[in-house]
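Each of the next two complexes has chain A plus one more chain, namely chain B in the first and chain C in the second.
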Partner chain A sequence: MDRVLKKRIGKIVTWFLTFVLMLIISVPGLWVVLTAFRPNREVLAKPAIWIPQDPGWTNFAKIFGFGAEQIAIPVPAYFANSLIIASTSTVIALLIGMSGGYAFARYRFKFKNKIFLGLMLSRTVPGIALSLPIFIIWSRLGLIDAKLGLIIVYVALNVPFTIWLIDGFFRQIPKEMSEAAQVDGCTRWQAFWHIEFPLAKSGIASAGIFAFLTSWNEYALASNLTRSTDSKTLPVGLMDFTAQFTIDWAGMSAMAVIIIIPALILTFLVQKHLIAGLTFGGVKG
Partner chain B sequence: MAAIRIRDVVKNYGKLEVVHGINLDIAHNEFVVLVGPSGCGKSTTLRMIAGLEDITGGEIFIGDRVVNDLPPRKRDISMVFQNYALYPHMTVRENLGFGLKIAKLAKPVIEERVNEAAAILGIDELMERTPAELSGGQRQRVAMGRAIVRHPQVFLFDEPLSNLDAKLRVQMRTEIKRLHQTVRTTIVYVTHDQVEAMTLADRIVVMKDGYIEQVGSPLEVFEHPVNTFVATFIGSPPMNMIAGRIVKKDGHFHIAFQADQTVPVAADLARTVTEGQEVIFGFRADDLMPDEHAMPIPGASSRLRLKVDIAEPLGTETILFCNFAGKDIQAKMLNPRPVPPGEVMDFSLAIDKAHLFDAASGHNLRN
Partner chain C sequence: MTQADVASTANIRPRRRRRRNLTPFLLLSPAILVILFVVLLPLLFSFYTSFTGYRLIKPETLYQWVGFQNYQRIFADKNFWAAFGRTVLFLTIALNLEFLLGLGIALLINRITWGQRALRTMMMFPMMFSPILVGYQFKFIFNDNIGILNNALQALGLSEGAIPWLVDKYLAMFSILFAEIWMSTSVFAILLLAGLFAMPRDPLEAARVDGCNPWQVFRHITLPFLMPFAFIAMTIRSLDVARAYDIVDVMTGGGPAGRTELLWTLIARVGYDNARMGQANAMAYISILLSIAFTYYFFTKLIAARKYMGGAD
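Presenting the complex of A and B:
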């Protein structure tokens, strides 16, 4: 057989296999999206209806409390909780991560490597293993079913990772940049603010997005530490759709889509920001 | 006035002392080059002048002020870094104007000064580009521009040419010298390249292991090195050094090498040596010339017959590698012709220009 043809067939086979593989990976996600747009009876129909017969926004209207039919699940409250908890914990984790990352990247101090290793090791403990001790301590402190309780947990979960990531970005910026700025008349703080921060911006943004997604998607700890609409987040709220004998698959899927959308947008942003070619060119080339 | 005085300056990193109480006076408008092998403390010294390193002991004066505890921004200095350290997220114009903006100067003043610096360095065309869009030489110019816009009292250069290729390095070297003649300011320049040091400096400071070995004009350091280290470090090719012992022959002192080869001691050194003293005999390639030059050698000379191992033609001259008393030495041939390996030639060695160093201390016996 002709070599060009052989190459082409090989390529087609590769792409076909990739397509099948990606399809298998995407099916559950696609199914959730499809389910969100169809009524419950179609979801539960036997034999299964593969292609939606009657697609519409009813499920979304229902869970947000618009229209004729409503569900007794306070989705807007959960949404607000999720937003507040994820954003606040992200901002705090970023502030700590920026200070910590800068310190690890720029300063020499005692036990630096040991502290850094300790931070990284804390990442190896699965979050769920901490749920019981956290529950006991939080209940003593009165932090169960409070937004603050979850915020503290998420900050603790995210700080090691943000420090690690931001440290890496600051390390990429030659320290001569900050020194040049200081010789140019800046205080150390001005040098950070005018030179190092803008250069590490994309790294800090990606760290922020990762932290936000961790808090936004977290289920295990949140389900332990929250009780009511005061603090329940969206992933925990999903369980409200399961009653003793029924599961509202359509409503649950609609809510899942609402959880996925911000995560999806942010993931695209991460991709863009991770291309951190900005620091090249300022130094030798 | 921006003279710099360095008094007993010591630098420690933890328990390790890297600069051991150095003293140096740099006059107003002087171009001083700190030169030495890596790890000799020259960059550390420069960074202490800049305020980027703490001073462990001693005092540094810029003008009349002790600057030990002043941050870099209050020292009225500019610095050009080895890797240029241009701000990658700013255009050339913004890079040049950054220091003035921080100093809160009026916009028209900034504009004027930036344009003036750009004109001096010939970078007018590049003003709207970012550092990533510049070549190495252009970045180097921008870095120099950023230093001169602020009209500082002192310029500090930290190996600014070591990232450039050989041709560009020579070109930028000339530009730095021209810059110093245009913008008369005190310059402290660090390099490990002795050619840069020789060509640029009003005075050279040779450093080694955290000590200053010698301070002097390029010619002084070249012609009167105080010890074996300076003698071998300054000058290219490096000075030939051969260990020997002082012997007395026919009532005159000679230096005896391996295999009974001897060379007479220069007349002015006769009083400083004693019989049996271990010495190192040093002479530059320029002072060992083939007889076929028929050029008169000033002062006393000694005849040597040597076999040429390798000849390196450089165009205007050829370096001849020979073996003398078991050591590889270099001679210079100023009227080059092809020299086949193994050719035996007669040389004259300018005895009066050669140096004798004490073998134990390394000190030049002529000083």
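Presenting the complex of A and C:
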């Protein structure tokens, strides 16, 4: 009897703690999403209005330039910039990462661990510290406020981590499979293309999603290397709202939702592979 | 194997060997080139700049060699040391709390059988949020006038006036830490949970049969097994500790009056707002060394833990 009671209390405590945890995780985001659908005067109201009185899409319409009211911030241009910069840099980082990851997974060579450590250490340089010299060099090369300038930086930012993940995925594929194919007359390249690549494909895709999100979310470098609608990305554009004297919380929340949605969808797709990739690459070495 | 085969392998072998030694470097060359061009060269350049009196508005000052003057100046600067101390303290508190909370969460979720997948997915979301969004979100929540937190406290009658979450020295630091921990705890939770899943059952049962109490089982079996996973999480985290810059920049901008200034916001202020690039680069170098120290420490721990787990070369 006593043990049954103890077990039941344990279960209730577990569920209670989980509930509180999920509340802390989800409430801040949900509150922003809710705000995105409310007019700003309701957000500013005192005493607080808890339940939205007239929810609607006005904030989104404003941001994208539809409807009667317009906003001075060119969100559609920022959105396009973000999309172009993030996807281009992801594709390039993936190609570089695949070749590098394959080298780490399949070959033994001199300075292997040192090169790996070097690549990883390059990632530790704080974005803001790196932005100073890049700002000076890029301004001489005319890469400031250009999409290309940011793409190059993001490729370098994503390569180390992409290599780490892809290395892990290739390691999970037994060496014997490609060796068998080579015995049967395939070249190494064919063996890679027909055997190893298809098996690692989903893992590589998730490395790509991860790289995309890193570029999509980056702020420290983008905020200093961009100036105008030519290259400003969404996270930098979000700060446009705070430059005004009164913060347009509702508009800012609507923009936040636009930034969050791709991240949420992609996270959902990637979650399983990401955990597998990180732990495999890290623990099994 | 025919004689011809033997002869041909004998011929091929030395050539193959040489090619083998070159191929990995060839495969790695694009990665190395990109890092060289975008990270290493700029860092060398900024190392040079840190010995000049370079100001953005006066391009000719790039060639004005001042020796260690920038370093001397920042080492004598009280604001710099305050920001430095705050940054180290911030990182120490954040990483430790994230580890402890992550461990707690992983153990909690591990006990739940129904709906575990959904919980795990939910847990990953903060990780994927842009730091700038996390900052904005908490700037909104902690806002003294219209924030949900103060509104809720007032509605419940727990506080009379508006609590200045982002204005008071300690509260502002607390708010930023809260945002940082909210964003990054899931890295630990998820990797530690993966560790718990990978854990073999036998030693646990053997220990229980031998009469260990739950605490002893946890302390001597579960925890040592989880440590490599904790170090992976620590390494991943220390790779981009500096993303706290984004959060601080949105939430307080280092203010009020420099009370939440971290090393990174100070660098941005000196470099871009005051246009003193030389001095900012000197500071940046110290922040880079700090990051490398953190990462290197955890990486060596990870390698040691990996050896202990019996990994490959």
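As a working rule, the second predicted complex is superposed on the first by the 267 of 285 C-alpha atoms of A that agree within 3 Å, B and C clash if a C-alpha of one lies under 4 Å from a C-alpha of the other, contacts with A are read in each partner's own complex, and residues count from 1 in each chain.
By our rule, a contact is a pair of C-beta atoms (placed from the backbone, for glycine too) under 8 Å apart; a residue touches a chain by one contact, two chains touch by 3 or more.
Being a predicted model, the structure only gives us computed values, none of them experimental.
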Legend entry - Which partner reaches more residues of chain A (counting touched residues only), chain B or chain C: C
Inset, instruction - Have a look at where A:47 lands relative to chain B and chain C in the superposition and call it first, second, both or neither. - result: second
Legend entry - Touching partner for A:134 - first (chain B), second (chain C), both, neither: second
Inset, instruction - Considering only touches as defined above, state whether A:9 meets chain B (first), chain C (second), both or neither. - result: neither
Inset, instruction - For A:30, select first, second, both or neither according to whether it touches chain B, chain C, the two together, or no partner. - result: neither
Inset, instruction - Could you tell me if A:163 is touching chain B, chain C, both of them or neither one (first, second, both, neither)? - result: second
Legend entry - Contacts of A:123 with chain B and chain C, given as first, second, both or neither: second
Inset, instruction - Once the structures are superposed on A, label A:261 by its partner contacts, choosing first (chain B), second (chain C), both or neither. - result: neither
Inset, instruction - Check whether A:179 is in contact with chain B, with chain C, with both or with neither, and answer first, second, both or neither. - result: first
Inset, instruction - Jot down the residues of chain A that show up as touching in both complexes, chain B in one and chain C in the other. - result: 278-279, 282-285
Inset, instruction - Would you pull the chain A residues touching chain C in the complex into a rising list? - result: 14-15, 17-18, 21-22, 24-26, 28-29, 31-32, 35, 43-44, 46-48, 50, 95-97, 99-100, 102-104, 107-110, 112, 115, 117-130, 132-137, 152-153, 155-156, 159-161, 163, 213, 216-220, 223-224, 235, 238-239, 242, 249, 252-253, 256, 259-260, 263-264, 266-268, 271, 274-276, 278-279, 282-285
Inset, instruction - Write out the stretch or stretches of chain A touching chain B in their complex. - result: 174, 176-177, 179-188, 190, 194-195, 198-199, 278-285
Legend entry - chain A partner contacts - residues on chain B that touch it in the complex: 50-52, 71-73, 77-79, 81-89, 98-99, 102-103, 130-134, 136, 139, 146, 150, 163
Inset, instruction - Give every residue of chain C touching chain A within the complex, in rising order. - result: 20-21, 23-25, 27-28, 30-32, 34-35, 37-43, 45-46, 49, 54, 105, 108-109, 111-112, 119-133, 136-138, 140-141, 145-146, 148, 151, 154-155, 182, 186, 190-191, 194-195, 198, 228-229, 232, 235-236, 238-243, 245-246, 249-250, 264, 267-268, 271-272, 277, 280-281, 284-285, 287-288, 291-292, 294-296, 299, 302, 306, 309, 311-313
